[in-house]
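Shared chain: subunit A. Partners: subunit B in the first complex, subunit C in the second.
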Partner chain A sequence: MNASRRDWTIAFAGIGFAALLPFLAPDGFVMHLMTSVAIAAMLALGLQMLLGVSGQLSIGQAAFFGLGAYGAALMTKEAGLPFLLALPLAGVIGGIASLAMVPITRLRGPYLAVATLGFSIMVYLVLKNEEWATGGSYGLIGIPRPELFGFRLRDPMLWYWFCAAVAALTYVGMLLLQTSRFGRALHAVRQNEDAARASGLRVTLLKSQCFVISAVVSGMAGALFAHHLRYLNPNDFTFWKSIEILIMVVIGGVGSLAGAVLGAAVVVVLPELLRVVGDYRMLVFGAMLVAVMLVGEGGLAGIIGGLWRRAAALLRRPRPALRSAAE
Partner chain B sequence: MTTTRRTLLLAGAGALAAPALAVAQSRDAIRIGAVGPYSGNAAAFGISMREAIDLVVDQRNRAGGLLGRRIEVMHGDDAGRPEEAANISRRFASRDRVSLVLGSVSSPASLAAAQVLRDEEVAQITISATAQRITRQGNPWVFRSAVPDRKLVSDLVDFIAEKHPTHRRFGFLYVNDDFGKGGFDSFVEFGRARGFSITAEERYSRGDIDFTAQLTRIRASQPDAMIDWSRYAEGALILRQARQVQLGLQIYGSDGVAPPAYLELAGEAANGVIYATHFSPATASGAEAERFMAAIRQAYNKPADMTHAQAFDAATIACDAILRARSADRQPVRDAIRQTDFNSVRGPFRYDQFGDPTLVTHVVRIVNGRETNARA
Partner chain C sequence: MSAASALLEAAGVTRRFGGLTAVDGVDLVLRPGSVHGLIGPNGAGKTTFLNLIAGVLPPNAGRFALAGAEITALRDHQRARLGIRRTFQNLKLFPEMTAIENVAIGMHADTRAGIFAALFRTPAQRREEAMIAERAAAALAFVGLSSQARTPAGTLAYGHRRLLEIARAIACAPRVVLLDEPAAGLNETEAAGLVELIARIRDSGTAVILVEHHMDVVMTVCDEVTVLNYGRRLAHGTPAEIQADPQVIEAYLGRDTAEPEAEAAAC
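Right after this comes the complex of A and B.
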């Protein structure tokens, strides 16, 4: 019960910070980058749902992301649908695609991971070769600017707020899910699948539901991404993208929603900050990843949690000392 | 353990603070953004691009800069990824306040950058991107230093029809991406007018290393010659394997194999290959080309390649446009670029109504590991 109150405090502090950010740094590039962080955060939350909550490792998240992105782009560009309709529909596309994964949710560990990888390779090849729809390797050009109720989101600040709000809703939704009966059942599945099955939980159904939720969130992130860059290319939806999402979750801390968001921020922002190092940029980035993994298994969430506990302990310690001085 | 953690945290804080310092350094310089694949599998193009741009800017700065101000080039590595190119372009436009942007090398990265720079109203000169559609989007802010692929292919088709009239049936091998597909589609279109036919269409994915299956099928289709639309790394492997399977056909290549790394990797197997290119020391003429080749050799101790020439011209166009505009503001610079008319290292250079250069292309043949003029 206590832990839950702490989670809500962190959530609202984070959302408040995200809402106020444009006033702290009113700069086009910062807004652009923070919008990318919001989109990445949704992807990381989607994978956290799979890996951290139900214990399923997917290295094919880029597939749902890509399907959502291309789906939404085609809906607004070719079919002229309003953006606000394309956004949930992109989630539906991701969700439907993930139903293809239902048979493989019976797989465990590395077997499941490789199956998801296979799926993402298939999606990449479709995006690259079905030129009539996707523009093939040239990419999809001229995606319209997102519109809300006939109002164009031209200002990067408004667009950032919109994406941050969608990410915040996702976060709150996942937090509610995690503490619900459904979430507790998933925890049971993660900790011991056989025991969960023996207790009467329908393990395969739970895992499949988890896959669908994760894919819906990734598909919606895709819709935001398509209207963020307004140019799509299959090269942005390769195996590397899935690995990036996995890095976000692991570096942020497997199992922690706040960690997933923090991990997304690190993976998006750090390489940009490291541009000053020039050619050694990705080398330094890699070294930093190794360093974080060495310091704590719980990722950044674990490290920060540890520091917090230690700070709290330091604050508590002086009290007996004071008392002894008074005596 | 605690000390190590503290050191790591300090190092992290340092890394966060560093960019702020870098930005604060120079306020009065004229800024030019350069985005290219300085890492990744197109890095040979990116590095040549950076070398040539740095050379031009260095020369201009030593001569007193532009409009009494120093030029500062900001380089951004896109690793060939469109998303990165878009991010860098946004930073150039909104944070670094550049006057214009040079780049990128690949067509997808250039298109992603163009989308952002059009929004932000910043002029862009792409370096090696050849996809026709870059300049056909009705985007008034984009210009190109390379000749588009359709022009290059049409010149190669003309060359084959005139110099090798016995070659009429072709096996075509290409990399399955924007570059290879663009080459293939254009070749089919222009070849039809000359009565050319394709006996086998074979493709491969970027990064493949075994092409013997495709080469065997091409040989079995009994063409008169083979066209290979590849970049340098795969192109060199294809030459070596063509020799192993005893293909025994004349091979025509694309501008993607123009980096010198191609000849280094292919070795003896490259002899006899003919390819279309935007620049070659073997076909270059004129004082500008001589001076350019000497400057590259002096600065980097290597022969000038195609990307050097494209980037050198792009940087020169940028500097001259700022001088002519008497301003580093974006709109006047864009308008001045449109008026470009000068002797580039690749010959007289002007822009057509789309922002494409009206340059001649070159065809070279490899003889004893060196490019020679195939039209001679």
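Right after this comes the complex of A and C.
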């Protein structure tokens, strides 16, 4: 009943890779892009918890992301709070906002999805129209550089490491949750709600808790995002952002934490790589999404897992056919 | 039969679906340490009655009491927490989870570790996980599924899935377990094993309500039998009394006896 050794191996291999990345490519733009991947990974992990573990589809994750981003930005810019305090508080803002969703966790499937969408439309309108606080369509400028104990994270490499570390902690936390009594219960709720209830599980409470966790993580991702670009615009928090997060999870593989991170990397990095094809890049990107889905519902995690098993089987198998051919 | 000796008591329970009265003023008393059979022709209201006991459906009239305490207003997960557990006629397992994880869910309500404990792997959390693993393994052994502990429930053989549902339901040593046609689809050997298993569940201190079409199973293992027909209680008594009851025979065989035991044997 513990996390399999494989899950932890993948987690630590990924974290090791993320930590060493700046040495492999010590380039300002690459660091910027990788920081964006770390932030996107948190958003994807948040939705993975919701969709892949508890089986709830949200297409309004941008709402919690946006509330965390604006909340953290206003805390450091206007209230002068230290960044390290604004970061968890942004998570708290996301979490509190998600409590508004508690009544709708009774909804299922498309009904729940549309309700989350409605919530994110409302949040978007608030961000856009409450100009006194958010700067409205002009955006929010002058967000200070993130500071740790009076030390400014001016170096993009240090800032990347910080964001990657927060994302890594999120990943490890979710792995710990998944392999606990709490995570087991969420998996059960996803797989058969009637049986879960018959076993005495408080299904609505569990789903709500999952919603809050997802929103806390998304809010914290917002705080990182605000201090990454140091400029916020309501258009970063539209329906499209929520869909992007959904694409990350589905492309990566619903249910797989590693897949969520992989999906986030693909959704952030691929459009940049595809700049070589110019105007067609989003067309090619879209076609690639279709292709991955055609290969299998397991997403990238499923494809890679399948290849891995096949390779392992090939290595184990004795090859008399080859030997006789060589003779 | 006084209510004082009842572990679970249903009194005048009625449930209507539109114009149809599926369960009509049914009384049932489950004695501690007994197996109570619930039989009747198809459509007699057995599964509806079971769902009413489990709290999946609210009754239109009547009341339920568990060990003398009123539980009529409680919903299914609340009754489960009080120790009324069930299995489902159309198996409802967690297919992607291993057998032992399925059983662990059955112990969720009796354990405590929450989100904080999971994140920080507190000593209490570790102890509790070890306890869950140990007792879940014991429940699997009880039904004879130890060798399948690490098998995903969705890939288990049909008979094993039935046993796994029982293991999940009894893992927390509930007061009452409701078995909804556990012998459905089992062969003769498996059915005989089931009879023996139900007897062991009773002997372990869990009273059983058994909905079953398989008459050999019912008549062998039950201490008392209640017969439903058209939503009403047609008869109640020991297996021997029920088998001799002319009303029951008529309900099962029809007045013409054109199709002997068609219903009873169809299971």
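Brief remarks on what is shown
We take it that the second predicted complex is superposed on the first by the 315 of 327 C-alpha atoms of A that agree within 3 Å, B and C clash if a C-alpha of one lies under 4 Å from a C-alpha of the other, contacts with A are read in each partner's own complex, and residues count from 1 in each chain.
Just so it is clear, contacts are C-beta pairs under 8 Å (C-beta built on N, C-alpha and C of every residue); 3 or more make two chains touch, one makes a residue touch a chain.
These figures come from a predicted structure and were not determined experimentally.
Superposition of the two structures on subunit A shows subunit C fitting alongside subunit B with no clash.
Using the contact criterion defined above for the overlaid structures, shared-chain residue A:S180 touches subunit C, although it does not reach subunit B. In the overlay built on the shared chain, the residue A:Q209 is in contact with subunit C alone; subunit B does not reach it. In the overlay built on the shared chain, the residue A:G200 is in contact with subunit C alone; subunit B does not reach it. When both complexes are overlaid on chain A, the residue A:G142 reaches subunit B alone and has no touch with subunit C. Seen from the C-alpha centre of subunit A, the directions to the centres of subunit B and subunit C diverge by 140°, a value given as a multiple of 10 for the model superposed on chain A. Touch criterion met: A:L33 reaches subunit B, while subunit C stays clear of it.
More residues of subunit A are touched by B (comparison of subunit B with subunit C). In the superposition on chain A, contact of A:L315 is made with neither subunit B nor subunit C.
Legend: residue contacts after superposition of the two complexes on their common chain; A:L20 is shown touching neither subunit B nor subunit C. With chain A fitted onto itself, subunit B and subunit C come no nearer than 26 Å, counting C-alpha atoms only.
Shared contact residues of subunit A, touching subunit B in one structure and subunit C in the other, are absent. By the touch rule above, subunit B contacts subunit A in their complex via residues 4-5, 8, 12, 15-16, 18-19, 22, 38-39, 75-77, 80-83, 86-87, 90-91, 93-95, 107-108, 111-112, 115-116, 120, 131, 133, 137, 176-178, 181-182.
On subunit C, the positions that touch subunit A within their shared complex are 54, 56, 76-78, 80-81, 85-86, 88, 92-97, 100-101, 104-106, 108-109, 111, 113-115, 117-119, 121, 125, 128-129, 132-133, 168-169. Within the complex, the subunit A residues that touch subunit B are 27-30, 32-33, 36, 128-129, 136-139, 141-142, 229-231, 233, 235-236, 272-276, 278-279, 281-282, 284, 288, 291, 295. Residue ranges on subunit A touching subunit C, taken from their complex, read 1, 173, 176-177, 180-185, 187-188, 191-192, 194-203, 209, 213.
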